[in-house]
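Look for chain A in each of the two complexes below; its partner is chain B in the first and chain C in the second.
This part shows the complex of A and B:
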């Protein structure tokens, strides 16, 4: 009796996944192959003339090869921000969990405030101007780290609570210093949550639109999401080029997922503590 | 000895330095790079690129770097943020009229009243880029647009219809078109901004019957809901819906679809601004000559006239470090060479606001239909958003509701009066 229910449940899950993820993706692919007139109708019909290659060339050449600059910028932005988030998030989480002191309360308050209080644009720009970081990629990296840090610290702290203190103590008895304990013992054990943070934050940062829009003006500073606005405007939109650009932008995360699929799934499901 | 040598060396170095700076100063002046921010509409970008090319050819030594920003609400935020933080480009393109007033021109923009080229700019444009202190702070770019109704010429010919001069004639035409099995009026509420034309484009008729409406409205003495002439726009939108004159997919269709429909004859009328001509040119070039234009008709056929949208302006922020060079670019934009450069890039979409600028002979019929209104006195009026700083942010949602029968015209007008109140209070207008 149970088996048919399982099968139907599985089929339903597959169907829902198809409708939610595959159908929109196919729509993007189909429309990326059309001419601007056909794409403006936004239908699922097959293109009369196949012109994916022409669209690709046009998208890449738009505004002096802006898409290529944008890919370089977005890659640097994502990799640098996520690296800093993982290292600093884990460090803060570790100290907060292991060493309660009078600073724990205020620190927790600041972390929660980082989650709750919405950031304001103009004061942030003033601060960046004062530091000489406005309109620079490192300035934006710091902003992304600041916006993502609270969430990462919460994840790390909760996970570190499940790692027994005895491990730290054993390491101290064996003569390990604080840095050695953190990088040699704790960080490797955090692998599952590190993978979670990497996946969640890199998707958020790679797809971020508003922060680059406000904090990183200028053609040389474009990130991939901003290139969409080359083809999408208030009164006039070239849907074929827009969908080609979306396709281009979707490919890198897809490739990363295909290659690191095993690590991601393993990381998310691996047992917390070994040995 | 050593002391003297040192001093001599010092003097020589100082002189040398002074000389180099003196020499390099003009070299610097020759190599100015201006930054120029425009919205990202393909037509704006194409025109900007062409103008930069022509300007750089005429002014060697000044380079212009183009930046784009999104249009609509996001664009407003970008412009305001960059002005507030002193990061605005040397020249930027932005709307004239009420949006221009909202960026605090007196404080943020360079005064251009004394520029010699202002003599060539039409007064009708100057009024929409004049700051509250009476100084002119912008140069015109682009062509004036008409807000009215695009119509399909083959349908009119086939059914033997003539261009309506009054609302009754327009509705009579609609009945005949419906009887012939076509959609009389196209609406495209998928792009909400397209829903506002019946209200905004009716302003010529409003000011024809209540000449003081704009001033009274700004002073909080007149309201849409309590002025019958102003209510007409909402009522007509309701009337069209109740008559069943709309295309079947009016609730979801987009602007691009609407433009294609009126060009290919799927529908007969599309209330729109004349800039839609450039969209038709892109999406259905072979039907460009099938689309004509007329102003939204009022009650009286004798006083038929057009509501005009002024083009955007070019402005220089106070924070610009290259104001002299930026002014040269504005002078170019406001010259006949500048108009020709725009026509070369984007085609002609309407009359320019610079004296002496001409349009090519082969303009599309919708643009040609626009010109007679400008050639005589008293048949054009600027849209309300150019004569009053108040334009409520939710009008497009309200007109969608009225236009799809969700809300009554009277209710919609009252709600819009309420919507406007917040904005007027933000602007600190007297009487609110």
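This part shows the complex of A and C:
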């Protein structure tokens, strides 16, 4: 039986969250449909003419199809770095969990360091220049991997602890080598946590603004987050196109959220319960 | 890609010895991750300790001792960045703990429409920070923004949220809370759901009120969640850059500058040594706050 407080409280909560959380998104959607003169008013009024499609076409054509290039760049960046994060992170988490050695202590320390230390920006740029990777997508991919490894390893190590060692031992007796055991037996069993890592990291990397700003400057290589600045200028902002672009780059995380809601929450709440 | 890096400067410590280990858990599994992490994260971090002591043009570095750090503590606008970083981090994590806990308790109760509420409050966590920043900058415009035009309808003259020096930093912090509180909420929900129901039943039999149950059961037993929320949001708050950059660029004046935006501004201005010193200051600040805090919080938890 639900007590009245749960019903009235629920209704109040629905009203408040709708105003606080839905209205800003509504504002984006409404203004993405207006003409540039109407959107310049920055109000919630319904558009006089619905022109989402025209705005969309205009956003895509701006600066020689820069948004399309940016989507391609962001997709390559996300897929490549998340792939490496999964494979390399799982390899480290596996050995770290299975075999305590002289490396365990330093590795644990470095994982924590990776979680809390803010990256040193200018020395990294200097290094990337030295390696010929500054302003290249390859360089940014490796940067995202370096910055995301700690979190991936933590998730993998915790999950691998739940896989019985007897499985590895049976495989060893059957004569399987380390590569066979890891890629043939362990990795397939890691599927739930692999999905979590993929989903959480790809949202983070797709939404990343700071690292592309520092390590991949220039319009030619823009990632999606930087395209917003195409429509934003101090004196002449095209609000309708700006909000259409925001709408466009919100769609991928929205799709991911609809399908992988559970995995995202699982990944982000790891550590909330004393294990 | 990886091979390119190994060729020039893999740190010696990450090279494996040519001894063939019969172990099914070979140490070389560490290697790909160790090379990428060591070269692109660890090496620049260590190098920053040196470069922060220099006047640096990327081509040559002149050693000037602690000059950059002195400048950081002497120049009012740099010092303000330091103070603002602390205000921002404490404000955002405090609000995330309080609101996150309230929402967590609410959404683990029998309230109607839990699924809807959770989905709606959590979604901003996944949205682009810059997009959120730009949207709220528009909503917070002093005259044309929807927030102040709505307040004007009920006769309140809203402040210049982002243009008034007294409000700018706080306004950005509030948007940060808006975007991040969903994460605190789901962390609390996971923590609260894990509390055994028997405790509440026993307390009910003893005649405890709702507040007593909250104070003596939920709050202490959700401590791991509180620790996670505080640590995560403090680290995030101290390092926060993109939201502030999208909303105020540190303005008006330097009133909403934080260390991370100072680092970017000094980098753009070509003061690479000073920018790197900013990085070291931020690093020290994070370490000095987070390490003792997590030790303290984790000890308290054992006592319970």
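In this section, the second predicted complex is superposed on the first by the 223 of 275 C-alpha atoms of A that agree within 3 Å, B and C clash if a C-alpha of one lies under 4 Å from a C-alpha of the other, contacts with A are read in each partner's own complex, and residues count from 1 in each chain.
In this section, a residue touches a chain if its C-beta (ideal position, glycine included) is under 8 Å from a C-beta of that chain, and two chains touch if they have at least 3 such contacts.
Being a predicted model, the structure only gives us computed values, none of them experimental.
Colleague: For A:95, decide between first (touching chain B), second (touching chain C), both and neither.
Modeller: A:95 contacts chain C only, not chain B.
Colleague: Using the superposition on chain A described above, determine whether A:256 touches chain B (first), chain C (second), both, or neither.
Modeller: Once the two structures are laid over each other on A, A:256 reaches chain C alone.
Colleague: Comparing chain B against chain C, which has contacts with more of the residues in chain A?
Modeller: Counting contacted residues of chain A, the larger count belongs to C.
Colleague: I'd like to know which partner A:41 touches here: chain B for first, chain C for second, both or neither.
Modeller: In the superposition, A:41 contacts both chain B and chain C.
Colleague: Taking the superposition on A as described, I'd like to know which of chain B and chain C A:121 touches: first, second, both or neither.
Modeller: After superposition on chain A, A:121 lies in contact with both partners, chain B and chain C.
Colleague: Which partner does A:138 contact after superposing on A: first (chain B), second (chain C), both, neither?
Modeller: After superposition on chain A, A:138 lies in contact with chain C alone.
Colleague: Based on the superposed arrangement, let me know which partner A:129 touches: chain B (first), chain C (second), both, or neither?
Modeller: Touch status of A:129: both partners.
Colleague: According to the stated criteria, A:246 is in contact with first (chain B), second (chain C), both, or neither; which is it?
Modeller: After superposing on A, A:246 lies in contact with chain C but is clear of chain B.
Colleague: Tell me the contact category for A:191 with respect to chain B and chain C: first, second, both or neither.
Modeller: Touch status of A:191: no partner.
Colleague: Which residues would you name on chain A as touching chain B in one complex and chain C in the other?
Modeller: Touching chain B and chain C on chain A: residues 41-42, 121-122, 125-126, 129, 213-214, 232, 239.
Colleague: Tell me, which parts of chain A touch chain B in their complex?
Modeller: Residue list for chain A touching chain B: 36-37, 40-42, 63, 121-122, 125-126, 129, 134-135, 213-214, 217-219, 229-230, 232-239.
Colleague: If we count contacts the way the header does, which residues on chain C are in touch with chain A in the complex?
Modeller: The touching residues are 1, 4-5, 8, 23-27, 29-30, 32-34, 36-37, 39-45, 47-48, 51, 56, 58, 106, 109-113, 116-117, 119-132, 134-136, 138-139, 141, 144-146, 149, 178, 183, 186-191, 194, 224-225, 228, 235, 238-239, 241-242, 245-246, 260, 263-264, 267, 272, 275-276, 279-280, 282-283, 286-287, 290, 301.
Colleague: Within the complex, which stretch of chain A touches chain C?
Modeller: 2-3, 6-7, 9-11, 13-14, 17-18, 20-22, 24, 27-28, 41-44, 84, 87-89, 91-92, 94-96, 98-99, 101, 103, 107, 110, 113-127, 129, 131, 138, 141-143, 145-147, 149, 153, 168, 171-172, 177-178, 181-182, 203, 207, 209-210, 213-214, 224-225, 228, 232, 239, 242-243, 246, 249-250, 253-254, 256-257, 261, 264-265, 268-269, 271-274
Colleague: Hey, which residues of chain B end up touching chain A in the complex?
Modeller: Going by the criterion above, the answer is residues 39-43, 65-72, 74-75, 77-78, 81-82, 84-87, 193, 254-257, 260, 275, 278-279, 282-284.
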